[in-house]
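Please read through the structure below; I'll follow up with questions.
The first chain written gets the first letter, and so on, giving A, B, C and D; residue counts start at 1 in each chain.
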Amino acid sequence: MSNAILRAEGVYSGYGRGDIISDVNISVDRASITTIIGPNGAGKSTFIKTVAGVVRRRAGRILIDGYDVSGMSPSDVSRHAVAYVPQERNIFRSLTVMENLEMGAWIEPRKFDSRVARVLDLFPALNALKVVRAGNLSGGQRQMVAFGMALMVEPKLLLLDEPSAGLSPVMVEQMFAVIQQVRESGIAIMMVEQNAIQALRVSDVGAVMSAGRVAMIGSASELLGDREVAELYLGTRT
Amino acid sequence: MAQVIVNGIVSAALIAPPAVAFSMLFGILRFPNFAIGGYITVGVFAAYAMNVPLALPFWVAALGATLAGAVIVWISDQIIFRPMRTSAPVTLLVVSIALTFVLEHSVRLIFGPDVKGFNLPLERPITLGQIHITRSQIHLIGTALFIIVFTHLLLTRTRTGRAMRAMADNPELAEVRGIRSTLIRVVATLYCGALLGLSGVSAGFDLAIEPLLGWSLTIPIIAAAILGGIGSVYGAMLGAVLVGLAEEFSTLILPSSYKIAVGFGIIAMLLLLRPQGLLGQPEIKK
Amino acid sequence: MILAQGLNLQWGITGMVNFGVAGFYAIGAYTGGILSTRVGLPPELAIVLAAAGAGVVGLIVSLLTMRLREDYFAIVTLGFGEIVRLLALNEDWLTEGPRGLKISVRPFDFGLTNASYALVYLGAVAFTILIIYVICERIRSSPYGRVLRAIREDDVVASVLGKNIVRFRVQVFAIGSIFMGLAGALFAHYVQNISPDTFMPMIAIFIWMSVIVGGYGNNRGLLLGAGIVMVILEGSRFLGDFVSFVNSQQLASIRIILIGCILMVVLRFKPRGLIPEPKFSSPFERTPD
Amino acid sequence: MDFSTSRRRILTGSAIAALGSTLSPRLLYANDAISIGSLTPNTGGGAPYGGNMAAAIRRTVDQINASGGVLNRQIKLTQEDGETNPETATRAADKLINVNQVIAILGTWASSVTLGIMPKCQSANIIQMCTSSSDDIPIRDTKGLCFNFQILNPVWGRALGKMAIDRGFKQFKLMALNNDFTRSILTGFEEAIGPGRLLEKPFYYNANQASYKAEVSRLLEGNPDAVFIPAYVTDFTSVYKDIYRAGYKGQVITVTFAASEPFKKAVGAAADGILHGFPIPPLDSPAYKQYLQEAGLQDNGQIQHPYGTACRDQISVLALAIEKAGTTEAEAVKRAIYDVSTGPGKKVVYNVLDGLKALRAGEKINYSGAGSAVEFDQNRQLIGRDIQLYQIRNGRDEIIATLKVR
């Protein structure tokens, strides 16, 4: 098989009337980072949700590691080692930190112990917070829980919807550092980010979505160097 | 005065377990299920049928009611609520009221409208100073406490229980993490049904057994659950105690014919002032 | 029927769920009855004032509760209806308590015989319904109505549009309450004897059935829905004329079971009613966002 | 719903009538038959009685029809459920009057229902027969069409109060179910015992509560000699359980239908000692014995079917009056009702068939019923009924005293 962990072929989806994304083709390589940028309402989040099975695909195919998961429910998609972290409501607020992590390993409870050790390694701050209700944590701590819970899946593909939203600049730095660390361990990441420049700097591939379609796709450095992209989406002037 | 408090606690013991069940069902099924009254009625009549016409011992009847409750809640969820799970909560609320009619009147069709009683003698109370309480009322309180603690352990100490809480908290995320909602739904409906069936036995014991019994308990139960905060087990217990006390104490101030309004009054005040309940978590604002 | 129109305006068009229909209905009936019989106002004036009174109460209730989630809102309004009923039951000095208020004067009375009086009354009521129907249709299709439906579809959309949601909702709720009060006053003067038992929450359920069966946000479907519900409610009485193997007591239970089942089946398989509202995607489908 | 009340009658009513006449051959000879309606409380507060009330009427009609009917015409009986709810009852009465074209409506029980349908019956000239006891009935019945087979509440309450004083109780507390019926019984009782014996102002409670403990605590405060609680059987069962469990040792007094068989079964031995009283059927009357037979009941010395018996009397008196009047026209039937039920010097009959036979033989009759002797005063109220005071002993009612009300 190819090196692609995710292949989306001609995907259409949306809510209610009309499609929000149409004919999206993207493929993500193993252990790579892909960032999707684009204006508000371009369908970035919808695409990620469609891959996770949260939004129903209307046409096209989604292959995870060669398996066709299109049309599967989110819980079935997650059984193909896909972990999706929504932008909001991405933790169980009334559960403790440890219980949240447990939910991450729901599918394979026997691997809980070994995985939890690795996650706590990655986020040592959580050690002291194990029995605290997640709803009582600070924003940055919550993001760690959300991220940690996703890693408990031991995913091959991690889908992140705006991982840096609402975090302080210092926290954003740390978050991207962690993302790179995660990639080192062999996990592919696809994320949607508003912090486009920072995100593209850690990414291998960048895609620009606009009006529900992929307007441009290329290596992250290419996109960073592209004048048009910079003016339209990165908010910088060269 | 002390007696009023005891009365309030006995009432609370009656409504706390079903309030817990209502709260859990609300969390998992995501709509206020008014059919709890119908389920309780089914429970009490199942117990009656076994205890009196079939002359089985009371504890067997109570067990049977628990089973009957579990089965009826599960079945009604399978054939009515689950297929409609994408409907708006209000539509489901209306359906649950229709279901109450169907259940209560089916019971009435089978057993007739007369009041009935279990095959248990009424007891005189034990008197401690100013306070009267009967042995079986103590049992009632004990059972309620046991149910609360048991439910709490179930929800915190078992994997399925934690998954139930996760689903009530954030169903989309639970699904994304691979928790199968269908399975959790089955467990939750069976367990809540068992609680409601058992509550029916307590209610039939304390009040008179008749088809509309469940309906008269519905409002205090919902008041207690909302007061405590949806999804919180201890909250439901606290809510039940407060509703019980409020109803008893209200008669010292208001004409007793307004007592029914107290439950509603509590619900309204609380929803307006603190919608998340006393022990509940505030909802996230988007 | 008027009740259903009022409710349709509130729920069908803005998505607000009022379970306190019986309460407004009772306020209208009692206000009308007390004003015409006790105070001695002309019954026609009493009916108008009763409608206005219900509107004012509706205004207050809605101002207090507007911020609630729809299912909580439903519970609060249900409680409101019960409290009104208890007031009617217990405040004897005003309402004659459980023995019921009798209304000795009749509106539109020109010394007619009973049969023709019924027809005149029917005519007057039909005329009122026509007017209300026209008003509802107007509201529905006006820009105002479109905003209302936008509110129903999505709170966020409406607020992005910069409309003042709360104000609109309160207004609509009050108008709906006026209709319910009007219905109550007309009813009271028709039966000439009202008691608190008349205003059990059951009424809300029947009206709800009309709205739901007919399809909501749709004034024409509503007429059909009310017709169907009445046929079911009243028609099931005729069951006894044909089925003789059950006694009338069992029959009564069977009727209610039947009504409950029909309601459930309609909601299950035709969640948008028999005549769905045209050109709108179903808001019953929750977007999985 | 308002509109529906009137519109439904015309639209739905006629639509269904049209449908009905194509489906049911019975409606085709409706012109020939005498149409009579019953509106019994099959559900709601009166549910424990509605069933046997409806059945008693049905049985008697069947008897009459089997023996050739009245005026050589069959009786077509239409039975409706009033749900002990005036609103439903009004709609049902509408249907009976306009669709079934009944000449009389029998079997209303709650005063609110009897009074609720009264405006409709008055305007359509329909005879009403009821077992309701609100003192408003004769006042609102301006056309003189409503015959009451029950004595009025305050009369009954006063009798019980008097009997309670006779038994030597000094201090009372009173509490009633919040309903016209039970409240006016309480008022009569209160009058009879006088303010000096009352520890606290009487108060009311609502049915369908999750708990009655607060009310019971208040009732028992001050430990009165006796408490009087006019109520319905369902709520009385709950209330009594709490009284017992609160350890009250004084005397509980109530009305018999609250302490009925289902109550005794539900609370078991704890029911012993309760005093209760009731206007009773004449237990030794042949009519009452015949009723038991018709209903397939054993004579166990207890009061059975207190309202079923009255319903037998209602339909019997009505049939006899129609036969006597020779027409179904309301004015004539109204006068004939007195003729066949009231007054001395006539042949006493105990059932409708004997009565019809006697009338056809040209005799003057006085129907004496299973529920009462059926003697009316000029207000169409019963002149009197016996009231009996019972005490529950070993799960059975034992007669303590009997009071003739006059």
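Going forward, a residue touches a chain if its C-beta (ideal position, glycine included) is under 8 Å from a C-beta of that chain, and two chains touch if they have at least 3 such contacts.
Just so you know, these numbers come straight off a predicted model, no measurement behind them.
With contact taken as defined at the outset, subunit A and subunit C are each touched by B. The chain pair B-C and the chain pair A-B differ in C-beta contact count, and the higher one is B-C.
If you average the CA atoms of subunit C and of subunit D, the two centres end up 34 Å from each other.
In terms of their C-alpha centroids, the spacing between subunit A and subunit B amounts to 41 Å. Between subunit A and subunit D the centroid-to-centroid distance comes to 75 Å (mean Cα coordinates, whole Å). In subunit D, the residues touching two or more other chains are 43, 47, 51, 178, 204, 206. Contacts with at least two other chains are made by residues 108, 112-113, 172, 219, 255, 257, 260, 263 of subunit B. Each of the following residues of subunit C touches two or more other chains: 86, 89-90, 249, 253, 256, 285, 288. Contacts from subunit D toward subunit B in the complex involve residues 43, 47-48, 51, 178, 203-206, 208-211, 213-215, 217-218, 233-235, 237-238, 241, 244-247, 262-263, 265-270.
Within the complex formed with subunit B, the residues of subunit A that make contact are 52-54, 73-75, 78-79, 84, 86, 88-95, 99, 102-104, 106-107, 109, 135, 149, 153.
Against subunit A, the residues of subunit B that register as touching in their complex are 159, 162-163, 165-166, 168-170, 172-181, 231, 281, 284, 286.
Within the complex, the subunit C residues that touch subunit D are 1-3, 25, 86, 89-90, 97-100, 102, 114, 117-118, 121-122, 125-126, 128-129, 183-184, 186-187, 190-193, 195, 197-198, 200, 203, 206-207, 226-227, 230-231, 234-235, 237-238, 240-242, 247-249, 251-253, 255-256. Within the complex, the subunit B residues that touch subunit D are 3-4, 7, 10-11, 14-15, 108, 112-117, 119-125, 127, 132, 134, 137, 206-210, 212, 215-217, 219-220, 244, 247-251, 255-257, 259-260, 263.
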